[in-house]
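Below are the structure tokens for one structure; questions will follow.
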Amino acid sequence: MSATQERPPDTTPVEEKAPSRLVPIWRFTLTVLRMPSGLFGVLVMLGFVLMALTAPLYIHPSDLSVTQATGPLLAPPQQGYPLGTDPAGRSVLLLVIWGSRTSLAIGVMATLLTMVLGSSIGLVAGHYQGRTGRLLMHVTDWFIALPGLPLAIALAAVLGQGAASITIAIGVTSWTGTARLVRAQTLAVEARPFIERSRALGATDTQLITRQVLPNVMPLILVSSTLTVASAILAEATLTFLGLGDPTSVSWGSLLNNAFMQGAVTAGAWWYLIPPGIAILVIVLGFTLVGRAVEHALNARVQPR
Amino acid sequence: MTAPASQIPPAAERRTDQPVEPLLDVRDLTVTYHSGKVPVYAARGVDFALAPGETLGMAGESGSGKTTVAMSLLRLLPAETTVTGEIRFRDEDLLAANWGRMRSVRWAEASVVFQGAMSALNPVRTIGEQIVEPILLHEKVGEKAARARARDLLDSVGVPSRRIASYPHELSGGQRQRVMMAMALACDPHLLIADEPTTALDVIVQAQILSLLTDLVRERGISLIMISHDLSVLASTCDRIAVMYAGRLVETGPSRQVIASPLHPYARALAGAFPTLGDPGSRLAPGGLPGDPPDLREEIDGCPFAPRCPEVEDRCRSGVIPLVRRGDRAAACVHVTGYDEAVGDG
Amino acid sequence: MSVGVQLEAPTVSGPEEGPERSDFWIYLARKVGAAIVSFFMLLVVGFIIFSLMPSDPVSALTRGRPTSDAQMNQLRHDLGLDQPLWERFLTFVGHTLSGNLGYSYEYHQPVSTLIADRLWPTLLLMGTSTLISIWLGIWLGIRAGWHPGSVLDRSASAVSLALWSVPTFWLGLILLVVFGSGTVAGIPAIFPAGGMQTHDGAGGLSHITDVAWHLVLPCLTLVAVIFAQYVTIMRSSIIDERGNPYLLTARAKGLRDEVVRRRHAVPNALLPSVTVIFLQIGGMIGGAITVEVVYSWPGLGYLTFTALRIPDLQLLEGTFIVFSAAVIVCNLIADLLYRALDPRVRRQ
């Protein structure tokens, strides 16, 4: 990043100001959208978010209530019920649409937690090399060795049923990947000369990290977060399926949990079992492909044509 | 246009009045790489020949095409590469051969000593296994006989035969190069191609390897093509030298003459850059050349050396500058005596 | 005919025995020491999660059952909850190391007994799935990586991505409903709808066949999810090897393409893959747990699932420690295996 203005040194350290970021972001988005994987992924992402946000407009509480549902019990797809009904007579299609809200919400929240936790640890480990940094890396490496699901189950069980405990459990088990990435990137960024200059001019550690390192690490965090959302949604589905979620809320995992517990398998109720899984498949694919497309676009920018 | 220099100048030890059937006769060899987005014209119109038992040194800087030409002889270039021309090996055009025939020619009739023996040897197989492998492939002998021959080969290159069960990383650089030579001789080939056999070795080991190589090929009557950017190495080991520049052959001739009185300006610069072993005077006149070799991604019109040549003329910059023969020497330069007549005869 | 004089210093004849062996023991000691430290950290984390975090284990245990305060206090004392923290931790460590993993109040059995009973089914499921996945993954990965960008390669990548993007348990549910319930599209219930065996007591061959038949669907589900990772590992390994010069040497010798791949590229590519495969076992445990739940396969995963219902914290803690310890051991094996297999690392 070249400096566009330089102020003579006074008590504040000289800051390298980055050029306006609006134009590159627009071009960057176009690059991503030009790739078929990027286009598909972004459409899927937007589609699901839209679906989740607009659901309350056409889904009434009575559609979701076990006691007020009026449809035939566990019936295959038919007139009025494109995806059939569940054992309580609710429309599976409406349930799946409504389920996207919880699944997405938990996925995003867990990702936020993972990003914050992982990035903080990664930044600190990369910046404070020496004993602190090495210690943090040892802890990270050790954490990676812990099997994810048993740990998540343990945490969620101890914290009690509910969305919060699932979110925390996912966050605690997923941060290591981000931490490693961010640490590596921090090391790379800090090797550049402008960091030395800022340091020589008296910038404090916090200033260095927040103003110099963080903006450079952000793109990587962005890529990592899309992929993290994908795995968070998968994790949420699994944990809810195992019974750790909020029993009253509707999510894809809870739909499958209900299906399993209420014998949809032996009854052959494939219309109840397939749609939630397909929804998960599509949205996870969407996020994964966006993550990869963003990664490609970033690499293309780094390499000169 | 003159005819290509396919009439063989006899080897140093032969009587000059006996024409000999060439072992290898390369005509108009052109190699174009298509591995990247743009084609790379790595070799153009290369003509040379090799007599049985003769040693030929291919000289030139990196990117001159010498390795490309050598690898093309056994068709070891990547699949997407276009190779045209003729490679007549023992009166058979290898470029027209099918792959089955090609695989049987490889190693059994012509083998390669690659540069960088550390990475050219399989790290997880013993050297014994690697020497035995081509023997078992090409000859009808049993495992025991093959191993016995491997031991003999190791002895003949100066590596104790008890090291036969060692892995490549357990040997020194010089020993690995000797193992590569033993491996190359395993099937008694007619031709050996040595690609920069002494690069990355220190000077004393270099000398040992070179003398070993020349002794081995002379004893067994094997023809040798040695590739090197170091002209002094070639001067001391080869009967003849071929100089390449930007994918073209610019001069050939008996090595002593090419070094002592090069005909082509590029060969002159190259000869000046390396002090000749045993000639202290040459150390004092290094011939550094300004400029860089041309980009091989573009087709070149005229002499490729024209941009850097101290004797360049207008007629050098366009058309094809063919190899002109002068006795048993040849050079692709307008200043060679007899150039105008040769070209005019065309 | 010996040519030339060897001016290089002769290397020591034969493999160096003395220094090499002690090097290995030092390496072993280092790795085992690291594993022990990891295990200790595991106990600390387990203690934190299960003994410190729950607000009151006793009330969780006695939920739904009328208990007097005196009984609850007695229970607290029995569980050692009235002791100072570090004493509780030491007791915990001591118990764990001697095999006492607590007592399950739901099952009314020691946790270690429960775990021991369920260990074999999990080992059977994970072991069979791992072997099949490794074989399949390596086979496919080699061919995909040898011709990158080919149809095989791209379809393998697409399939891998799709399989990664679905929850394991959902795949299991679908397979179960299609092949195990006999109610979908007229497909008969070829495979049992769950469990590990149908006929009790009958030993011998019929028992083995029975279990094997029950193993098919769970194994298939687990394989579908994990083999994709092995394909990726092997593929990138082969792609890395393809650029190496010794392959050109092999080709120059006149070997056919498959021989070059099989005899030269694959052994080199397998080396790093082998260790990574062991390291993946930790990730497989999650898949195994969900598969056991879906198929009611009576292993450690299913045990963990039933422990969630109350939740039975002692049982959960026991399974958590066992799973994590297993991963630590696998990582240790991976380290030692690499050292044992690579001739370059072996003799240093």
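In order of appearance the chains are A, B and C, and numbering begins at 1 in each one.
The rule is short, and it goes like this: a contact is a pair of C-beta atoms (placed from the backbone, for glycine too) under 8 Å apart; a residue touches a chain by one contact, two chains touch by 3 or more.
This structure is a prediction, so every number in the text was calculated from the model and none was measured.
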Groups of chains joined by contact, in the absence of chain C: A | B
Which chain's C-alpha centroid is most distant from that of chain B? A
Name the chain with the Cα centroid closest to the overall protein Cα centroid. C
Express in whole angstrom the distance between the two chain centres, defined as the mean CA positions of chain A and chain C. 26
Could you work out how far the Cα centre of chain A sits from that of chain B, in whole Å? 58
What's the distance between the Cα centroids of chain B and chain C, rounded to whole Å? 54
Mind pulling the residue numbers of chain B that touch at least two other chains? none
Of all residues in chain C, which touch chain A in the complex? 38, 41-42, 45-46, 49-50, 53-54, 161-162, 164-171, 173-174, 176-178, 180-184, 193, 282-283, 285-286, 289-290, 293-294, 304-305, 307-309, 311, 313, 316-317, 319-320, 323-324, 327-328, 331
So in the complex, the part of chain A that touches chain C is made up of which residues? 142, 145-151, 153-155, 157-159, 230, 234, 237-238, 241-244, 253, 256, 259-260, 264-270, 273-274, 276-277, 280-281, 284-285, 288
Under the touch definition given earlier, write down the residues of chain B that touch chain C in their complex. 74, 76, 102-108, 111-112, 114, 116, 119-125, 133-134, 137-138, 155-158, 160, 162, 167, 169-172, 174-175, 204-205, 208, 211-212, 215-216, 219
Quick one: in the complex, what on chain C touches chain B? 1-8, 10-11, 13-14, 244-246, 248-256, 264, 267-268, 271, 342-344, 347
